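This structure is in C-alpha cells; I'll ask about it shortly.
Note that the chains are named A, B, C and D in the order they appear, and that numbering of residues resets to 1 at the start of each chain.
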Amino acid sequence: MENNEESSKQDLMITIQSKFQRLSKGQKLIAEYILKHYDKAAFMTAAKLGISVGVSESTVVRFANELGFSGYPKLQKALQELIKNKLTTVQRLELSNNFISEENALKGVLKSDMENIRTTLEKIDHNAFEEVVNGIFAARKIYIIGLRSSTALSEFLGFYLNLILDNVNMVAYGMSDIFEQLINISHEDLVIAIGFPRYAIRTIEALNYAQSKGTKVVAITDSVLSPLAAKADYTLIAQSNMASFVDSLVAPLSVINALIVAVGLREKEKISRNFEELENIWQEYQVYSFKENTRK
Amino acid sequence: MENNEESSKQDLMITIQSKFQRLSKGQKLIAEYILKHYDKAAFMTAAKLGISVGVSESTVVRFANELGFSGYPKLQKALQELIKNKLTTVQRLELSNNFISEENALKGVLKSDMENIRTTLEKIDHNAFEEVVNGIFAARKIYIIGLRSSTALSEFLGFYLNLILDNVNMVAYGMSDIFEQLINISHEDLVIAIGFPRYAIRTIEALNYAQSKGTKVVAITDSVLSPLAAKADYTLIAQSNMASFVDSLVAPLSVINALIVAVGLREKEKISRNFEELENIWQEYQVYSFKENTRK
Amino acid sequence: MENNEESSKQDLMITIQSKFQRLSKGQKLIAEYILKHYDKAAFMTAAKLGISVGVSESTVVRFANELGFSGYPKLQKALQELIKNKLTTVQRLELSNNFISEENALKGVLKSDMENIRTTLEKIDHNAFEEVVNGIFAARKIYIIGLRSSTALSEFLGFYLNLILDNVNMVAYGMSDIFEQLINISHEDLVIAIGFPRYAIRTIEALNYAQSKGTKVVAITDSVLSPLAAKADYTLIAQSNMASFVDSLVAPLSVINALIVAVGLREKEKISRNFEELENIWQEYQVYSFKENTRK
Amino acid sequence: MENNEESSKQDLMITIQSKFQRLSKGQKLIAEYILKHYDKAAFMTAAKLGISVGVSESTVVRFANELGFSGYPKLQKALQELIKNKLTTVQRLELSNNFISEENALKGVLKSDMENIRTTLEKIDHNAFEEVVNGIFAARKIYIIGLRSSTALSEFLGFYLNLILDNVNMVAYGMSDIFEQLINISHEDLVIAIGFPRYAIRTIEALNYAQSKGTKVVAITDSVLSPLAAKADYTLIAQSNMASFVDSLVAPLSVINALIVAVGLREKEKISRNFEELENIWQEYQVYSFKENTRK
C-alpha cells in the first residue's frame, strides 16, 4: 500500500522516460521540460506550458493522454502532488486562488475535507493502525510530539490518552527544549510523532534522536515520502491536501479520534473507573457546565 | 435554520403533548413516562421501555409511529440528541458500546466524521459565516478562547489568524486567569469562543463577562441550544456527534479551516507580503524542513 | 520555630486580652477597638487611632509599650503581619505608598529583598530542608504545582529537577485540568506545592486532593499559617514580604536554588553524565550561544 | 559604570602585558601561560599552576601580588569571571564542588544570593532604570522575551505588567515561532529581553530581528559583555553568579520586582481601578483564597 504511493511518484517520471522514444517530436520537448522543471510546469496551464516549450496547446493535451491521463488537468495535479512538500506558503496561496474564492470558501473547504477523510480511509494501513494500538499498550512510556500547527493534534491526542493511561508524556516547546524532554527515552518507550507539510525541523530532529536511542516511533503524517515516515516503525497516513494556504488537519484529527476510541475501548473497565472519579471532580470543582453551577 | 433545530427539540415535547388526547391508553403511559424521564427513556430499548411503563414492545413501536417516526430507533435517537449535553463521560462510554467496537473503530470513526461534515454543511448559516468574516475585519482586537479539548481548535485558529492579522489575542489558561486576559475588552472588540459538549464552565463565564462589556461574540459550537450560543451575536454550528466518549472536533476544525481561508483570501496582498518575510525567516532560522538544512 | 510564629499571632490577641484588666480606661478603649477592627487599626497612625477611639496619641503609644512593644510602629507592624493574607491588592497598593516611591523603587525593593533572604535564613527549618531532599529521592513520582505568580517558581524548579531526575511532573493550567494531571497520584508520590499570598485556590484544592490520596506534600510558602502549610507534611518558609503590590518571590526563589543545588550535589555522578549528553545536544542543535554558532 | 566592567576584563590582560617587562623570569612564564590558557589556569590551584609552568607555588602567589591582587584566590576569581560565559554545565558542576556541599547548600546559596543583590545594587545603572520605565510608557507595544530558565522571569514580569498596562505581549515558545510573534514589531515598540548565562541563542536572534526593524531594546542581563547587551539600547545589569550549576536568577528577579513597582507607582490611579475590578472578579470566580470560599 505504502509502496504504491512511493512508486506512483517514481512511476510518473519513469512512465515519461519509458514512453519517451514513442513520443512525437513536440511531445519529447514537453517531456524534457517536465523532467527538468516539473516544479514550474506544475503551475502552468496547458497553453502556457505549450508556449514555454514552443508547441501547441493541443500537443500538450495529447501528451497528457499519451501518459495515460484523461486530460491535462490530471497530469497537472499529479505534478502538483509531486512537489507539494516543497511549496512555500506564498506559492500555496497563489495555487489556492485557482481552486477557491472567499465566496465559496465554506463549501469548498468542507467538501475538500470530506474528500480528505474518504481518501484517508482508502489509503490508511489497517494493520499498522492495530499495531499502533498494541504498541501503545506495550510501551513503558509514551511520548507525543507535534510542533507548529500539528501541536493542535498532539495536544488533543495527549489530552485524551492522559485520561486513559498513566504513562503519557507531552513533548512541546516550553522552558525545556524538546531534547531535554526526551533525554530519558529508551528502547522500551514509544514516540508518537505528528507532522504534516510543511514539516517542522525539530520534529524530524527529535525522531533522529529517538532512533539513536532505539525507541519505537509511530508517525502520523501525510505520505510515506514524509521525512517523519522515513524515521518511523509504523506510519499512519492521513491526507492533508490543502484547501488553500492552510494545512488541513481534519483527516488527521479523525484518525486520531479513531486511535483514542480504539485505545479507550480496549481499556473500557479502567476508563470507566477513571471517568467516574473525574465526573465527581469535575462536578465538585466546576470544570464543566452543569445545570446547577452555571452562573446566570 | 437555527430556529428549526431549537423548535425541533420543543417540537418533540410539544408533539407528544399535542397528540396526547388521541393516544391509546397504553401510549399515554409511555408519553407521560417520556415527558418526565426522557433522560432514562433515551437509553432503553423498546422492550425495556415497555416493561418500565407496563405495556408491550409493539405498543412502544406504534407510539413512535404515532409521533411521526419511522420506528422506535428514530424516536430514541431524537431523545438522545435532546440530552446529549447532559451526558456524563461514563454514560457516553456506555452509549458508544452500542455503535462501535475496537475492530471497526477506524472505519466507524472516519465515516461518522465525514457524516459530521456533511451535516454541518447543511446546517451552517452561510450568512452568519460571512458576517463573522466581516466582524473579524471590523474589530479593534480579536480574542480567541477555547478551553479543555477545544484548546486544540482555538490554538489552530489563533496560529493562522496571527499570520494574517495584527490584532489577535489568544485567551488560554496559564499564569494569568482568563479574566485578566480579558480585562481590557471593549465594545469595539470581538471574542471568538469555541466550545463543544461538555462545555467548559470558564468559557461560558468569559462570555458573560464579554457581554457585560458590550463586546461582540462569535460562538463556534454544536447547537443553538449550546450555552455559548446563548451569549453570542453570531453562531457557527458544527456537528460534533461523538463517535464514542471523545468529542469529535473534526467538523468544527473544517469550519475553522474555511474561516481562515476566507479571511486569508480577503487579505491576499497583505499575507503574501507577510508570508514572503516569514519564508525568509523560516529558512534562515530553520523552522521548516528544507532539503538543505535537515540533519541526516 | 514554626510554633513560635503561630503562637506569636495568637499571642498578640491573647496578650491584649490577658492584660485587659490592668489597662487604663483609655487603653481599654484602644484594646476593644483593636480586637474588633484590627484590619483598620493596622493602617492608622497612632494619632489617627487615638482620634478614632477618642484618646490622645500618647495614650496609644503607652498602650503599645504596655503590650511589650518598643513603640507604636512595632505594634502596627505586628497588626499588619496579622492581616497580610487578607489584604486586597488595592489595600496593598495603598499600603505601599507609605514605604516606597517611584524614585526609590530600585533601592527600596532590592534592600527589602536582601532583608527577605536574611529573615528566611533565620526562619527556615534546616531539618525540614534535609527531609525534603530525602523525600525527593524517596518518591516514585514528583509532582510540582505552583499557580498564578508562583508559576514562575514552579517552572524554574521543574526545569532544573527535570535535568537531574527522571520522574518529575509539572502540574499547570492548560488543556487538562489540575485534577486530571493528579489523577494517578498515590501514597508513594510527592507533591511539591508552591504558593504565596494571595494564595491561589486551585493549589489548595489540589492539596486537599493529594491528602485524600495519602500523598506526601511539601509546601514552599510564606508562613506556617498559610493554607498550604496546613496541608503539608514538610513546610519550607520563605519570606515574601511585599515591597509593594507585588508578591516578592525573591527569597522563595533563593530557597528553590538551594533545593536544586542540594538535590544536584547528591546525584553528582548522574547529572555529570546527563549534562555531558545535553552539552552535545545543546551544541548540535544550537540551544545555547557558543562563539561559533551565533549569527552576527 | 558599565565601561568599568568591560575595561576590568581588558584590564587584567592589559595589566599582565604592561607589567610583563618588570616581572621576574618565573613570573614571565606564568604570565605567558595565563595569556594563552586562562581558561585552564582559572581552575588551577596556585600549586598546580606552579607545576604546570615549572615554578614554585610562592612564585605564583607573588605574581598575583605583582598584579595588584591581595592573594592568588583573588586572581583566580578574576580569571573565572572572565570565562564564566563559556563554561559548560559540566565544568560548572565541577567548579561548584569547591564552594558548596549538600550540607551547606541552604546557607551557602542564600548568602550568595544576598551578595548577588548587594552587588547588583552597586552595579546597576540608575539612570538606565529610569529610562526603561520611561520607555515602557512611551512604547506602542511592549514585547517581553525570555527563554530557557529566564522564562520564569519573563512570565513574572509579563504577569504583572499585564495587570497594569494594555499593550504587553509575551513572546514565548509555543505553536508559533518566536519570529512569527515578532513579525509586526516596529520602531515604535519596545522589546524587553531577559537572558543570563548560558544565553539562549533564540533570544539573541530575536534581538537581531528587532534591531533590523529599528525596535528599541531593553536587556536585563548579567554583564555588559553579554550578547544581549550588545544588541540593547538600555541594559540593566543584575548579578547571576552561580551558586553552583544553577543560574541564580534571584538578583534579576529583584530588579524585575523594582521595575514592576516603579511602573505601577506611576500609574497608581489606573491600576487602582483595574485592581478594584479584578478584586470583584477574583472573588466572584474564586481565583484566590478567601475565608468564605475555600473548600475544607
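The rule we apply is simple: contacts are C-beta pairs under 8 Å (C-beta built on N, C-alpha and C of every residue); 3 or more make two chains touch, one makes a residue touch a chain.
Fair warning: this is a prediction, and the values are worked out from it, not measured in the lab.
K.L.:
Quick check: more C-beta contact pairs at B-C or at C-D?
P.N.:
C-D
K.L.:
Could you please state the distance in Å, as a whole number, between where the Cα atoms of chain C are centred and where those of chain D are centred?
P.N.:
The answer is 24 Å.
K.L.:
If you average the CA atoms of chain A and of chain C, how far apart do the two points sit, in angstrom?
P.N.:
The separation of the two C-alpha centroids amounts to 48 Å.
K.L.:
Could you tell me the distance, in whole angstrom, between the mean C-alpha positions of chain B and chain C?
P.N.:
Centre-to-centre distance between chain B and chain C: 43 Å.
K.L.:
Enumerate the residues of chain C that touch no fewer than two other chains.
P.N.:
Each of 148-149, 151-152, 155, 159, 175, 177, 205, 278, 287, 295 in chain C touches at least two other chains.
K.L.:
Specify the contact topology among the chains shown, as one of line, ring, star, complete or other.
P.N.:
complete
K.L.:
Sort out for me which residues of chain B touch chain A in the complex.
P.N.:
By the definition above, chain B touches chain A via 86, 88-90, 93, 96-97, 100-102, 105-111, 113-114, 117-118, 120-121, 124, 126, 129, 133, 148-149, 151-153, 155-156, 159-160, 198-201, 204-205, 208, 227, 243-246, 248-251, 253-255, 257-258, 260-262, 264-266, 268, 271-272, 275-276, 278-279, 286-289, 291, 293-295.
K.L.:
Give the list of chain A residues in touch with chain D in this complex.
P.N.:
Per the stated touch rule, the residues are 147-149, 151-152, 172-175, 177, 284, 295.
K.L.:
Touching chain A in the complex: which residues of chain C?
P.N.:
For chain C paired with chain A, touching residues are 155, 158-159, 162-163, 166, 175-177, 179-181, 183-184, 205, 209, 274, 277-278, 281-282, 285, 287.
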